[in-house]
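Chain IDs A, B and C follow the sequence of writing; residue 1 opens each chain.
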């Protein structure tokens, strides 16, 4: 964790964006908030739902949480973060249910579970709240954006190979791997995609060196 | 590394290869040339994928490494003779790339590659993988075999109805609907004895598995010997016990942990087949037991180390035989470090 | 007799068939953090099971008094976080007062064991599917134990997953996901899916 802190302090905007979107992508490199991804994202519409609800809840929770004074004991602080999450959930769920009621209902228990995701509980203390306010906003924004992009990509791939559809309309896929629509298939696909991201990062590094 | 008493890895694999080739020959006799084609495709894809992934990882290929060949043969024996060719290819690629090379290649895998590959396609395409053609029937060479030629397996009937439907002599020679090469109980029994005598599979683990699951099924089925035979012949139980669970790379090293591992696999198989009504229960059991095998080994080794430090106290005269064996492995590991 | 049979079946269901990780993926991010060290595994397991058990008992009584499934459902997370937070603080205070050495030992990982998706998810699942008090209690303990089982099975192979021998692209996190996926396929067998073929 100390290492992360040093890196954060020296970060320029460009590296923040690069880290948040690719190198330390919250979903594909650090493995954060993967339960709702594996359980609910099996098509593009559901990926969009997750991305929207996650962004809304996490951004405002982190923003309000950053005002919690550091002088409070850690034990109480962490409960306050969770409590703020639950508070933000109330207007967020009202708003989302107004616009996309069916999709939110299909998320089931994974929608309220977003309030104690690892962004809020673990990453806030170790990275986000150590930065200055402006930088923190930028970092949080791009981390959430990186997560959303990964979720959308995951949703597209999983929908095409898992159920042979795109935006819930059937396209003619020769082979459909129904395994990938199940939870364990979600794990497998996530692992394969994370490995592919590593390959991409290695290639970028090599090109840069040349 | 896996063997004891001077047996090299190559000789173990050669023994495996001989037995698997015999099974392959019998399955070609039973199911015709399409079976041979399926075997050739599976083995070929396994070897080619293995070669390519080793090259991609920039490692040196080992000339006498036939592990991919054996994985391919084991995998093809578990498929029906009517399997569409592309599904055999998918199984082979999954087994080699995901279950073997991603974990670090030969000797580092956690799960048996063939078991993982079979599990993947049997969950993906159950309609093609869990339906079987009859023996001595002419199967067309087209990729998709007409579905009226295919029946569900004998063991599924056994699970749902609870009583065996095939007579004992037919079971012994594999005359029932099932995978290509896993039903020939007579050959498998001879193979088990041969491999155990040659020390190519662990006799302790194998006998623990067979005894535990055999007794459990005997009691659960109301003392019906035919049900026990059906249990071992169908659902690739005996085949899986020999080639999937007792295979050299997924075995614990010490004797005591092999015994416990065998009991675990046998118990899980019966549990899965009788209470969860799962077809091919052994494949699931082998995968679930694999991490526990690793852990048992570690526990046994640390226990032996504890004994070693107190050897003067407990073993004044001579340490027990299997403890001595464990200690030898420990010393060897120390030297390697 | 019937009761004992029911309890065993419920426990089997919640520990293995509907395992928190393998069939619901709840708390996977926590698993990645915790599986690192085998040293604190026992303490972690104990505290997770303890918290899920206590919390499920309280959830039962709260559910009896207030109707949480009606229109008030958007406030349910607030209630649950309140329960969780008070259990967490009370436990820590008790430990601090009566067993200070244990408190110092447990302090490092107790927040991970209380505030994770597995525990909060357990509360949501229990209040949705359970009816009787025994159901609540057994499910609560079972979900905790199932989570610990999954963490244990991952911690066992942690050094293999992170070893130098695994190719760089897969080493670590990607391999852990694949490992959980393959185990999940095998655990799927317990649910007794019979294919219609």
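In this section, a residue touches a chain if its C-beta (ideal position, glycine included) is under 8 Å from a C-beta of that chain, and two chains touch if they have at least 3 such contacts.
These numbers were taken from a predicted model, which means no experiment stands behind them.
When the interfaces A-B and B-C are ranked by C-beta pairs in contact, the top one is B-C. With centres computed as the average of Cα coordinates, no chain lies farther from chain A than B.
With centres taken as mean C-alpha coordinates, the chain found closest to the middle of all protein C-alpha atoms is C. Chain C has its Cα centroid 21 Å from the Cα centroid of chain A.
Mean C-alpha positions place chain A and chain B at a centre distance of 40 Å.
Chain B and chain C have CA centres that are 33 Å apart. Contact of a single residue of chain B with at least two other chains is seen at positions 98, 102, 120, 123.
Multi-chain contact residues of chain A, defined as those touching 2 or more other chains: 179, 182, 188, 192, 195. Shown for chain C are the residues that touch two or more other chains, namely 170, 174-175, 178-179, 182-183, 185, 187-188.
If you check the complex, the residues on chain C that touch chain B are 153, 156-157, 160-161, 163, 165-167, 170, 174-175, 178-179, 182-183, 185-195, 197.
Against chain C, in their complex, chain A makes its touches with residues 29-35, 38-39, 74-76, 78-79, 82-83, 85-87, 89-90, 93-94, 109, 112-113, 115-118, 121-122, 179, 182-188, 190-192, 194-196, 198-199, 202. Put simply, chain C touches chain A in their complex at residues 22-30, 32-33, 74-78, 80-82, 84-85, 88-89, 92, 111-112, 115-117, 120-121, 124-125, 128, 168-170, 173-185, 187-188.
The touching residues of chain B, counted against chain C in their complex, run 57, 98-99, 101-105, 108, 110-111, 116, 119-120, 123, 126-127, 130-131, 152, 156, 160, 272, 275-279, 281, 283-285, 287-288, 291-292, 294-295, 298.
Interface residues of chain A, counted against chain B in their complex, comprise 175, 177-179, 182, 188, 192, 195.
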